[in-house]
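Both complexes below contain chain A, partnered by chain B and then by chain C.
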Partner chain A sequence: MTTRPASSQLLIWIAITFLLFPVLILLGILMRSIQAGEISALQPWFYPAMTLHGVGMVGVWYVAAMACAADVLSRHVTLPPALGRLAIAGTVLGVVLLLACVLLGRFAAGWYFLYPLPLKGEWPLWSAVTFLLSLTVLGATWFIWSLGLLWAISRRFSLGQALGWHYLAGRTDPVLPPSVLITTVSLIAGVAALVSAVIVLALFYLELLTGQASDALLMKNLTFFFGHTLVNLAMYLGVAVAYEILPEYAGRPWKTNKIVVVSWNTVLLIVLVAYFHHLYMDFVQPGILQYIGQVASYASAIPAAVVTIFGALLLVYRSRMRWNLASLLFFLGLVGWAIGGVGAVIDSTISVNARLHNTLWVPAHFHTYMVAGLAFLVIGYFYHRCQEAAALRESKGYHQLLIVLMTAGAYGFFLMFYLAGAFSVPRRFAVYPVEIGHGASFAGWAALFATLFLVGFVLTATEVGRRWRAALSSAT
Partner chain B sequence: MRIASGLALLFILACPVPAAAAAGDEGRLLYERQCAACHTIGEGDRIGPDLAGVNERRPRDWLLSFVTGPDRMIAAGDPVAVRLYERYNRIVMPNLNLSEEQAGQLLEYLALAAPAAAAPAAAVTELPRPALAGPQSRVLQLFLVISAVIVLVFTWVALSTRNPVEVDVHRAYSIRRVLFVIAVVALAGLLVLTLPKAPYARAGAEPARVVYVAARQFDFLFSEEPIVSTAEVGIVPTLANLVLTKDELVEFRVTSLDVNHGFGLYGPDRQIVAQTQAMPGYFNRLLFRPLAPGEYKVFCLEYCAAGHHLMQVRLTVN
Partner chain C sequence: MRGHCAALLAILALLPVLASSDAAPARSIDWREGVLTGRMVPDIALRTASGGAQRLSDLWRQGPVLVTFFYRRCAGICTPFLEWVRDALQATGGPGREYRVVALSFDEADTIAALQGQAAALGLRDAPGWTFAITGTEELAAITGAVDFWQRRNPTTGQYDHDALLVAIDGQGRVLRAVLGGPEASGRLRNLGAELRGTFVPFYRVAGGASWRCFAFDPATGRSRLDWGMLLLLLPALCAVTAALLLFSAGASREP
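The block that comes next holds the complex of A and B.
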């Protein structure tokens, strides 16, 4: 069997991801156990844990997806190694600051730190400042990283070519791999999101320094433009990787064509206005933006379902598919993306949102596409690259068992969120009041399922780890 | 112009501005503005303990130093303060930067204030899970059905790889065209059906009653007149027990005095029937027609720090 060495930077990202993910899962299990009323002594840690878990998970899976996309990109364009080193150093520094403000300062404004809460909680001001500094470091690092990758793409493809516009004119030269197209779209959206984050942070600093208060509605728009876009594009980066790798397992090509170009260019436009669905319950937001939010959210389903999911199914249908841990995870990752997407589109209906907004339905759908979607795709890619470099023997039955453990754990855990959401159980409640006491039993079951998932993940990470060690010795 | 503004200034100076309300009233105002969000007098515990009879319960010196510096007392390990802290969900009572004099006025007010008439109802500790009904149940069913279809399709495709064969891409593309049309028609149809049901206030809907809601960390205040700042709390009369009439359209005008909160209205069957956000600096206008009589509850649906899950208020529909 021929081997292909892995890049040492990717191996570092794998180590970071696999170190942080289980810790953050434990925080998730901790939260569900507190909500179930099992360890009420730890209740004061619920909101700090929620904040660390939320920011940590979004951050980890965003950088992991970026690392995979960069690794795939390096097959097609030349990346400056310093860029990757900067991304690793900045991310580690940001994480250290984040840990400090939550663990030492009990900072607990939630993952989207909605203005003006960070300045008005029970935590000390220094912890809020440290949190803002942490986000500044992370934001600046990722901003440079995104621009650097776009610059690397631009040395081989013009912007129009990287967005595939020449396909629209009927030309296919230069050939544009779909992964490059999707990565370009995601990076452009990422730059826009990070600019919005910079404005939010600047307005916070302005208030800290001069006392000049900001407009709460403006801040909420900026915050969700940033948060919504970042989470969505992380998912797209994972999909880009699937476009590149799945064909290798199916033994069939998955190429860019007119439809794929139209679809992903539309996604770029839609993803930037779909965030309005986070403000449906702010009735002072101009009405037209609310309706645009619903139309854009619905519209975003069409390229995803009819082009990407359909394309993936067509690729696999009756192919000589080589099923292993990686290809199974890719395939299941698309299932998670689709199911989570259905949950999202339902909730993006304004009249439905009036019943589901800020209930557990919200974490239900985003955990579906973050855990069973993005995380599956990324873990699949990590395994794929390490196995490619190490070429160890693969034990099919055991790997299928791991998949069953993770899938059963994850979907059981999600189902408790969906059910609780339908029963109007609010999200972000450390303790459920009597009227919503039924939230506690969903939480208890969820903690069990999440533990099952954790076991499956740790065993899977061990399988990746064995190959990782072998890959390290031959790393480039 | 200048004369007019000068007159206005004189008028303002001459008027009994809120802060200078009747002497002896300082204690009450301080209490309503700074303490009532977490405490009651005789209506039971909320975020912190019921303060009825607290003057008899604790020595005056202890109370003065606790009210002026609860965080210091807890940090210094004062046994009573630490016990209270443990008992009340380990939420540290905020240091409100009060002077000893203000603390004295507060204790005086607490001593005089008659415990609120209604004795706290016997605490219910457990309720059965409500039935799943209404739009939420239809939404869940729809979601489960679509998810099942997704799982079936993916399973079918995965199993198909047992019999590999070359696939006719052009036929697949014509299937895709059909799917595209179906998806567009379905989503457009749903848009047409659901957009008109958006809960936003529309011209022509005349509410029979307007109720103002001011949210703050960690309670809701109902009133007939708007309350837009802490300075107006204790001046503008509030409605202790809000009673609405069945089938009568009411408009809630919801704002916040500090951070973002959520105004989540739960019906008698303990499901969300309507909601809007409470955002500082804005009034969100929520139109609501109560169709079922009974006890309603409002819970905070936007995370607002340690007391978030304890922030609630009751209202009744007759």
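The block that comes next holds the complex of A and C.
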């Protein structure tokens, strides 16, 4: 079997991801256990844990997806190595600041730190400032990273070519891999999201320095522009990787065509306004934006997701698919994305949202496409690259067992969120009062399922780790 | 945090003053209005200008009640204040079936005749929804204490120095919202009047104002229009497009 060495930067990202993910999962299990009423002594840690878990998970899977996309991109364009080193250093610094403000300062404003909560909490001012600094470092790093990757793409493709416009005119030269198209779309939208973060942070600093208050509605809009969009794009970056790698296992090409170009260009147009669905309950938001939000939520989900899922099914159908840990995870990752997406589209319907807003239905759907979607895709890619470099023997039965463990654990855990949401259990309650006491039993089962997932993940990470060590010796 | 520290410093600085009995409250108007929300108001007995007797709860059981304080001999703000209240409420439909106003005298020297005189002076003798009332010593102390109504008698003139306070009470005797101050608070009082009639008022001004607002709210008309802050929402997309165009035009010297 021929081997292909892995890049040392990707190997570092794998180590960072696999170190942080289990810790953050443990925080998730901790939260579910507190909600189940099992360890009430730790109740005061619920909201700090929720904040660290939320920001940590979003950050980890965003950088992991960026790292995978950059690695795939490096097959088609030349990346400056300093860019990757900067991304690693900035991310590590940001994470350290984040850990400090939550663990030492008990900062607990939740992952989207809605204005003016960070400045009004029980925690000391320095921890709020440290949190803002952490986001500033992370935001600035990712901003430069995104611009750097776009610059690398621009060395080979014009903007129109990178967005596939020549396909619309019927030309296929230069050939544009779908992964490059999707990455370009995601990076441009990502720059917009990060600019929004810059504005939010600047307004926070302005208030800290001068006492000048900000408009809460404006801050909420900007915060979700940043938060929602970034999470959404992390998912797309994972999908870009699937477009590149699944064909290698199916033994058939998965090419850019007119439909793919149209759907991803549509995404670029509307992904920036889909976040309005986070403000459905903000009655001061102009009504027209609410309708735009609903239409855009549907429109950003449907073309890209339907085209991708359909494409993936056609790719696999009657092919001589080589199923291993990587290809199974890619396939299941797209399935998880679709299932979570259905949950999301249901919730983004205004009349339904009136019932489901801020219930556990919300974490239900985003955990589905973040864990069983994005995390599966990324872990699949990590395994794929390490195995490609190490070429160890693969034990099919054992790998299938790992897949079963992770899938059963994950979906059992999601199901408890969905059921609790459907039964009106609100999200972000450390302790369920009697009226929603049924939330506690869902939480108990969820903690068990999440533990099952964690066991599956640790065993999978061990499998990746063995190949990672072998890959390290030949890394470029 | 920041606000708390400032408040703490203010309290520390004012401790000597506060200790010297009955100085006017030093807190900001926003703070003083805000702390009242949710307080329970005692159910006092009222004797009204028409000579009848009623309990405050008889009124709040029929719907929200707006309580305000005055005294008949006032040579200061009472009459202009009540005129302002009358006009501001009238502008949003006025009291009547949806809510009632109780103007309570806090001067024990006031009699039923004094109440009638005050009502007549305002042209509100038989106005629907208006009740002018007096109450007993202990009950007066209970209600003024419950809503932090501040007053001090000047021994030489016999006149009172006092707050201009309006407190809206719900059907359970809880404070819905308070408004402190005169004509500069017109917008807030009009909102309150509209709200007590069941109109939903989505906008409130915050203390100090915000730097980049999405809306400019006009308290005189109760309407809002888009403000410059909304433009900030276009900035991210604009920056992203510009950055992409610049980067790709700089990269125009393509690799082979």
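Convention: the second predicted complex is superposed on the first by the 475 of 476 C-alpha atoms of A that agree within 3 Å, B and C clash if a C-alpha of one lies under 4 Å from a C-alpha of the other, contacts with A are read in each partner's own complex, and residues count from 1 in each chain.
Going forward, a contact is a pair of C-beta atoms (placed from the backbone, for glycine too) under 8 Å apart; a residue touches a chain by one contact, two chains touch by 3 or more.
Remember, it's a predicted structure, so these values are computed and weren't measured experimentally.
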Quick one: chain B and chain C on chain A, clash or fit?
-> clash
Which of chain B and chain C A:Ser154 touches, first, second, both or neither = second
Taking the superposition as given, does A:Val284 touch the first partner, chain B, the second, chain C, both, or neither?
-> both
Go through the superposed model and pick first if A:Ala82 touches only chain B, second if only chain C, both, or neither.
-> neither
Determine, under the contact definition given at the top, whether A:Val342 touches first (chain B), second (chain C), both, or neither.
-> first
Contacts of A:Ala169 with chain B and chain C, given as first, second, both or neither = neither
Given the touch rule stated above, what does A:Ser424 touch, chain B (first), chain C (second), both, or neither?
-> first
Go through the superposed model and pick first if A:Leu217 touches only chain B, second if only chain C, both, or neither.
-> both
Could you let me know whether more residues of chain A are touched by chain B or by chain C?
-> B
Classify the contacts of A:Gly121 with the two partner chains as first (chain B alone), second (chain C alone), both, or neither.
-> both
Based on the superposed arrangement, let me know which partner A:Leu203 touches: chain B (first), chain C (second), both, or neither?
-> second
Just one of 188-196, 224-232, 260-268 or 296-304 in chain B hits chain C in the overlay; which is it?
-> 224-232
Intersection of chain A interface sets (partners chain B, chain C) | 120-121, 215-217, 283-284
Chain C to chain A touching residues, read off their complex = 1-3, 202-203, 206-215, 226, 229-230, 232-233, 235-237, 239-241, 243-245, 247-248, 250-252, 254-255
Chain A residues within the chain C interface of the complex = 78, 119-121, 124-125, 128, 147, 150-151, 153-159, 162, 188-189, 191-193, 195-196, 199, 203, 206, 208, 211-218, 221-222, 225, 272, 283-284, 286
Where on chain B does chain A make contact in their complex?
-> 89-92, 94, 124-130, 132, 134-137, 139-140, 142-143, 146-147, 150-151, 153-154, 157-158, 160-161, 163-165, 167, 169, 172, 176, 179-180, 183-184, 187, 190-191, 194-195, 197-201, 217, 258-260, 262, 264, 266, 270-272, 274-277, 279-286, 297, 299, 301-306, 308-310, 312
Given the complex, residues on chain A that touch chain B span 43-44, 47, 108-110, 114, 116-117, 120-122, 215-217, 220, 259, 281-284, 287, 290-291, 294-295, 298-299, 301-302, 305-307, 310, 313-314, 316-321, 323, 331, 334-335, 338-339, 342-343, 346, 349-352, 354-359, 418-419, 422-424, 426, 428-438, 441
